[in-house]
Amino acid sequence: MGVESVPRYWRERRYRYRLIGSECKKCGRRYYPPRKVCLNCGSRELTEVKLAETGRVLSYTTIRVPPRGFHEYVPYVIALIELDDGTKLLSQLTDVNPEEIKTGIRVVATFRKVREQSEDGIIQYGIKFKPI
Amino acid sequence: MKTSVGVGIVGYGAYIPIYRIKDTEIARVWGRTRVPIEEKAVAGPDEDTVTMSVEATKYALRRAMIDPKEIGAVYIGTESPSYAVKPSATIIAEAVGISDEILAVDMEFACRAGTTAMQNIIGLIASGMIRYGLAIGADVAQGRPGDELEFTAASGAAAFILGKAEESLAIFEGSSSYATDTPDFWRREGEYYPRHSYRFTGAPAYFKHIIDASKALMSELELRPSDFNYVVFHQPNFKFPLRVCKMLGFNIEQAKPGLIVNSIGNTYAGSSLIGLAATLDVARPGERILVVSFGSGAGSDAFSIVTTDLIEERKARAPLVSELMSKRKYIDYAFYAKFRRKIRMR
Amino acid sequence: MRRVFVVGTGLTRIGEHWDKSLRDLITEAILMAIDDASISTKDIEAIYVGNMSSGYLQGQEHLGSLVATWLGVPGVAACKVEAACGSGGAAFHQAYLAVASGLYDCVVASGVEKMTDAITSDVTSALIMADDQEYVAYMGATFVGLNALVYRYYMEKYNVRQEKIAAFSVHCHKYAKLNPYAQFRREVTLEEVLNSPMVADPIHLLEAAPIGDGAAAVILCSENFINRLKLKREVEVIASTLATDSISLYDREDLTTLKATRVAVEKAYKIAKVSPRDVDVLEVHDAFSILGVIHLEDLGFARKGEGWKLIEDGEVEVDGKIPTNLFGGLKARGHPIGATGIYQVVEITRQLQGRAGKCQVSDPELGLAQSVGGVGGTVVINLLKRVR
């Protein structure tokens, strides 16, 4: 986590709020979070792109021992998700009990609170996923 | 109040959290034997007024089919903003892709703040200052544990994108607003839960303002209750809206589609607007709806809305209120207390 | 490139050292290594200190200068080397390069981690610093959680039951019992492992490396140095390789393989002109039981999806085909993050020297130590050979 920082949170907001990633103009591969150099072909020509909002769960787990700042939310589920446009990312699954999750279930993006920077700090938001 | 230029609803959306707690469960913990409604919607631990508003707005955008960047104003009416000081409107705007060139503001007037936002947006569009505007009514209402209000205070949001009448699925025929200094429900700075004045919130507050606003509107538009297909009132519980219905001369059939409090509770600034969304979900073209909100403190906004041919095709583009209501997960009082931060952590 | 030899090893017991600070631990380990080598502190020309979290947990950076000061040799070349949980391996790699390059004749490769100064949630926060902070840690992922994602994926892909993988923990504890420096010196049963509390499904507490303090050090030197001081020529580093992979799991091609292991080990085998069959003793980075199994496959000792068979068939035992983690591994010997990679080299060295006591492999010639940072974001392979 490092020190709680407002600017560090603020500069990523567009990407975190709206699932905006990168697409390589040369090979077409998509990434989240956005990047400057393509991992696949090395090209530096990447554009911002709005990623698909639906996908499926590749793997998941329930976090029971939290890091700092997530104490109030435990237990919560994190998952590796593959969006319908091929982008893979890591996020939380919400509105679901761990027993209801299976690998492969379809999920849709939803805007949620991630945590607070301490009780009197700013609120951090992001995209989580819930079962369709 | 009428506008010189026609203004209407271009898109609408509602959002109801998935969690529900039964009133009998709350009653179990606090020793009550009679409950005012069946169950209420509870925001999850990662939800707040901003997150619910974003989801409702996304649904409204689906129905409106406009580029978010064309929205010129974002007004959110709520009494439970995510911050005491820092606008929710700007976070919502960023989250749905609305541009920086907007008039954005949070408004407070208890449960009528959503319709008050709507009044303001109507004015901005009618004046030609903006092309489209977004009005949201949303709350994660908190009730003092064990108090009457805890049985009904619920979470929900509704978003309305307004624009010119020609592009709308429903058009505003006229509106009226009524406000007096009536302290029936309030919350002081630094207090976690609100207070209310029990039976005083009835006749001098809820009934007076709704009746006066409704009568003023119907008089100006020369309309009678029978001219309306539907009526939607603010719903603090099941009894009040039905009683005011009778008092004004409406019948229960007109109120049914918009009467959702028994299943989701009182979503405060979302209440009458979610009721309106539920009514639009079933309305056919050419039908007239009366919507009257009530906010403690106190005031009411009343609107007469007539649907157009565009309603059928637009409503199908996003989840109906009935679909949102059918997605439910029941929680007990322990999880309810955990989710709604009623447990002391420090 | 010159030849590089290991002439001394030192280590502290791993555990909750309430009365010893980070500087106490590292000094203890390095002095022990210096004494073990029969050299003096004045012979040291460079010190590499592997550590992951001194900044976050102790607020202490500049470990190179700190350690040089505390050893009484300010003036030598020294710096901290960080590669998450592979910091120890990476520090060893830097030390190897220092001698092999010809610039230094005698250097210290060390590692230290003081974890028990902090409460669990702070350690949890420190460990996830091994992955992307802005989009992985941001969503509340923990290091155990990331490994749990791999574990579940592996079980479903290869249709392997959890018991087969959890058995790796049982194996580690069996041998830690014989290791006086281990954090846990008692055996555990498979049932105990599977009944232990769930940390992040499906990882049980007894499948995860513990939190503990420790420090270890080895002295690396050139052939010149050995001749000059007339030291014993016993163990040589015949290859040291380091490879990275994308830092986050979502960029990986196959969740059940650590590509960095494959890249680093293939290069090491090529440099040393050996193959997996030639390895006599092995230390793998089993931060979690699933990793232990995956490493056995990626290092070339089993086919993908079949690593667990080596445990079931007893091939990882002291008298098996590929004796593995005979001092307890990360699970039972312990895992003071930045020090672990050095502990592994100490253990391989002592096996090759015949000093392994009750867990001595019979006449080993070639040992392999694998140190891993993050979930395979960095892998270091160190191949050591007995010199006759």
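Which chain is which? They are A, B and C, in the order written, and residues in each are numbered from 1.
Note that in this section a contact is a pair of C-beta atoms (placed from the backbone, for glycine too) under 8 Å apart; a residue touches a chain by one contact, two chains touch by 3 or more.
Note that this is a predicted model, so its numbers are computed, not measured.
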Top chain pair, ranked by how many C-beta pairs fall in contact: A-C
Judged by C-alpha centres, the chain sitting nearest the middle of the protein is A
Centre-to-centre on C-alpha atoms, which chain is most distant from chain B? C
Taking each chain's centre as the mean of its CA atoms, chain A sits from chain C at a distance in Å of 31
Computed distance of Cα centres, chain C from chain B, in Å: 59
Residues of chain A that touch two or more other chains sit at 71, 73, 92, 114, 128
Chain A touches which residues of chain C in the complex? 56, 120-122, 124-125, 128-129, 132-142, 144-145, 148-150, 152-153, 156, 197-203, 246, 248-251, 255
Residues of chain A that touch chain B when the two form their complex: 13-14, 17-18, 71-73, 92, 94-95, 97, 110-114, 119, 122-123, 125, 128
Applying the document's contact rule, which stretches of chain B touch chain A when the two form their complex? 18, 44-48, 50-51, 54-55, 58, 82-83, 86, 91, 94-97, 329, 341, 345-346
Given the complex, residues on chain A that touch chain C span 1-2, 8, 12, 16, 31-33, 39, 58-71, 73, 76, 78-80, 88-92, 98, 103, 114-115, 124, 126, 128
